[in-house]
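Listed after this line are the structures, all set down as C-alpha cells.
Okay, so chain A shows up in both of these, paired with chain B first and chain C after.
Here is the complex of A and B:
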C-alpha cells in the first residue's frame, strides 16, 4: 500500500476516497479537507477570532490543532461537566494539550460556576443525560463566544457525528431540525455564528490524526452516553458504509447540496418571535430560556453535592 | 397472549402496535388498516374501477383479496416477466388464485407480447436486472390501466418496501424522487392514477394474512434480485426496528405528513415538458420513451430466445 501523494509506504487507507497516505501526506490531507470545508461553506476568514469548543476528545483537540496550523487565531473553550473521572481526565488532557502548544484556553465549570453537574441534572429531570448535557453545552458555548467577542464558535462534530444526527432527524422528519442542520449557522441576535469544520472528516481519520501527532486525548466514550440512540444510528450507518464505501459521506454531502435547501424556511418558521430570558438575557421563545429552566429545576430540589463520591 | 379485540387466544402479535390478535380479528385489523390508508390518502371511492398489479407474491394477492372483501371493484393484472421457473410458478399461483375467487385477471407477457424477457434485458444492457424489470413493469402497468379504462392502478408495495425506498432516496437526497414518493400519485396526461393501499402494512403481516387464509403465494424472492440495494436497506431498517419497535412506520408516516411536502415542487420541476414517444405514444421528455428504448436495445442485437433453457 503506497501513499497516493508521494508513493512512500502508506500508514492509513481511506476506503471512501479510495486512497492511502503516508504519515506526512495524511496530516496534509486532513488540513486540506478542513480547508476545503471552511472555503466551501464560507465558515470564516483569516482575520476572524475563533473559539473552538474542546472536550479533550480526538475531534476537538485535532480541530484546534488543525485550525492553528492553518494559521487561524483559535482559542479553546473547555466546559467542566462534573461527570466523575471522565470529566476530570478530559480536563487534564485539554489543559496539558493547550499548555504544550501555547494555545489560550477559556474554562467554564458547570459545578463551580452554575451549581450543578450532568449526573445530577440527569437524575433530577426526566431528560436523558445527553439531552441535559447538550442543552447546557449549547448555552455555555454561545455565551462564551458572545462574552469573549469571538467572531465564530467552532465545534468538532465530524462526518460520522453529523451523518448520525441527520439519520435521526430523517427518521422523525422534523423539518425544523433538518433546516438547522448545516455546517454554518449564521450569527443572529443573541446567537453566535457556529461552524463545523470537520464535516468532511471521518471519526477514524481524526483518531489517526491524534495518534500520528502523539496528541494524548480522552479515548473513553462518555459513561453517560451508553445506549443512546445516536450511537445506534452510527452503527447502522457503519453497516451501510461497509456494504458501500462512501455511502455515509454521500448521505451527508448530498443533504447539504440538495436536501437542506428544502427545509431552510422551516428553520426560521419554528424559531418564531424571540424574547430575552428574564434570568440571563439569552434569546428564548418564552420568558425563561431552557438552560435557566433546567438549572433552576436541578438546583431547587435539594442542595447539589458537587464532585465525585469517594 | 390474548387478542386485543376479543380476548380469545392470539395467533399473531404486532410489536409496533403493541397488540396481539386472534385469526379473525387479525384479518379484520388488516382490512381496517387498508381502509384507513385508502381514506387518509383519498385513494379511490366505491364507484372506481381498480386495476391491481399482481405478481403472485403475498402482498399483491392479499391486496387484491382485501380490496375485493371491502367491496371494491378490483381486477388483477399479471405481467409475465420470463424469469424462468420463478415466473412460471408465479403465473400458475396468480391464475389459480383468480379462478378460485372468481376474480377477473388481465395478462400481459413480456416475452410473447414484447419479444424479450428480464434475464435477456439484464444481460444485454448495463442496467441492473431490477432496473430493467421496474422500468418494464411501470410502463406496462400504466398502459394496461389506461387501455382498460381503469380509474386507478393499485400496487402491493407495503410499509417495509416503501420505507426501504425512502431510505434509498434519502441516502442520495434526490429531491425529484422524494417528491414522487407518496401513497397516491394523481392521474396526469398519459399517466394513470397510482395508489399503494398497503403502506400501513408490514411484510410479516401480509405473509400472515395469506397463511391464515390459505392463499398459496410465491414464497421465493426473485432470483435476480439477490444482493440488490433495496434488500440491504430493508436489513438496516429491520435492525433499527428491533432496537425501537415502530421506528420504521414512524420514518415512513412522518415523511408523508411532514417531509414530503417540502419536495412536492421538485417532482414537477424535474418532469419538465413532456412529448409523445414516437413509437408507442407514451409521455416522455425526449422523443422515445425509456421502455421502447430499452426494448429496442434488447431485441436489436440478436433474436431473443424466449423461455427457459431445458
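Here is the complex of A and C:
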C-alpha cells in the first residue's frame, strides 16, 4: 500500500477513510483530525489552560502529546486507583512520559488521599468495578480542574469509546444520557467544562500514533474491566465495521449532527435542582454527592489512614 | 514465523510466507482490533511476512470506566 498523501510506502491502512498513510503523513492526519474536532465543537482556544486526564494508556498519552504539539497549554492529571500492579505500572509510565517531554503532571491518589481503592470499593458496595471507578474518576477530574483553575478538562475518549457508549444508551433508550453525550459539556456552577478532542479518532489510530512515536503506553487491559459491557458493545460495533467500513463513525457523527438536539432537554430535566454536598460542597441532587456516599460506605467498613506518608 | 499475541501475552509459530490479512483471517482476528507490528515496525494489511519474521498482533481495544 502507498500513502494517500505522498505515495511513500504506507505503515497503516484505515478502511473507513479508504486510505493508507506513511509515518509522517499519518501523524499529520492525527493532528489535523484533533484540530478539526476542537474547532468544530468549539472546545477551547489557544489561551485556555487545559487539564488532560491521563491514565498511562494510549488515548490519554497521545491526546496530551497532540495538544502540546498543537501549541496548547496542557497539564496532565493522573489518578492512582489502587488496582495493584496495574496501577503501579500505569503511574510509572505516566510519570516517565511527563518527565521525558517536560510536561507538568498533577497527581491524586485514591488510597492515600481518600482512603480507599477500586477493588475494595467494588467488593464493599457490590457495584461493578468500572462503576465505582468511573464515579470516582469523574468526581476527582472535576475537582482537580476546578481547584487548579483550569479552563477545561480534556479526556481521551475516542470514536470507539463514544460509539460504544452511544450504542448502550440507545439500546436502553436513556434520554438523559443521550442528552449529555456530546464532545463538549459546558461549564456550570460546580462543574468544569469537559471536552473529548479524540472523538474523530479510532482507538486503532491512537495506538498507532503511540507506536510510531515510541510512546511507551500501557498495552495490557485493566484486570478489573473483564466482562465490562462496553467491551461487548465494541465487539459488536467492530464486527459491523468489518463488514461496513465507516459504520462506527457514521453512527456517532450522525447522532451528534441529527440526533443529539432531540435529547438536550431530557438532560436538564433529569439533572433537576442542585444542592451542595454537605461533605465536599460538590453539586448534588440530594444532600450528599455520589462520591462522598461511595467513599463513606467503603471506608466505614475499612480501617484506613488518610493522607500521604512522607 | 513467530507471532506474539497479547491479553494474555503468548507466542505461536506459524509457517510463512504469508500476507498479514491472511494471518488475521487464519487466527480469526478482526483487523479493526489490532495493530500489525513486524520486526518492531508498524505495517499495513497487505504486507507479506517471511518465515523468519517476528510479528506482534497488538490489541487496541480498551474498556472499563468510560
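Throughout what follows, the second predicted complex is superposed on the first by the 303 of 310 C-alpha atoms of A that agree within 3 Å, B and C clash if a C-alpha of one lies under 4 Å from a C-alpha of the other, contacts with A are read in each partner's own complex, and residues count from 1 in each chain.
FYI, a residue touches a chain if its C-beta (ideal position, glycine included) is under 8 Å from a C-beta of that chain, and two chains touch if they have at least 3 such contacts.
These numbers were taken from a predicted model, which means no experiment stands behind them.
Legend: residue contacts after superposition of the two complexes on their common chain; A:299 is shown touching neither chain B nor chain C. In the superposition on chain A, A:213 contacts neither chain B nor chain C. Look at A:146: by the touch rule set out above, it reaches neither chain B nor chain C.
By the touch criterion defined above, A:185 lies against neither chain B nor chain C after alignment on the C-alpha atoms of chain A. By the touch criterion defined above, A:164 reaches chain C but does not reach chain B. Contacts of A:70 after superposition: neither chain B nor chain C is touched. By the touch criterion defined above, A:230 lies against chain C but remains apart from chain B after alignment on the C-alpha atoms of chain A.
Once the two structures are overlaid, the count of chain A residues touched is higher for C than for its counterpart among chain B and chain C.
Of the two partner chains, chain C is the only one touched by A:238; chain B is not. Looking at the shared chain after the overlay, A:280 reaches neither chain B nor chain C. Taken together, the two structures place residues 235, 239 of chain A in contact with chain B in one case and with chain C in the other. Residues of chain B touching chain A in their complex: 170-175, 229, 232, 235-236, 239-240, 243-244, 247, 250-251, 254-255, 257-259, 262-263, 266. On chain A, the positions that touch chain C within their shared complex are 1, 10-13, 15, 20, 23, 57-59, 130-131, 133-134, 137, 157, 160-161, 164-165, 202-204, 206-208, 211-212, 219-222, 224-225, 228, 230-231, 234-235, 238-239, 241-242. Residue ranges of chain C in contact with chain A, taken from their complex: 6-7, 30-35, 37, 41-46, 58-66.
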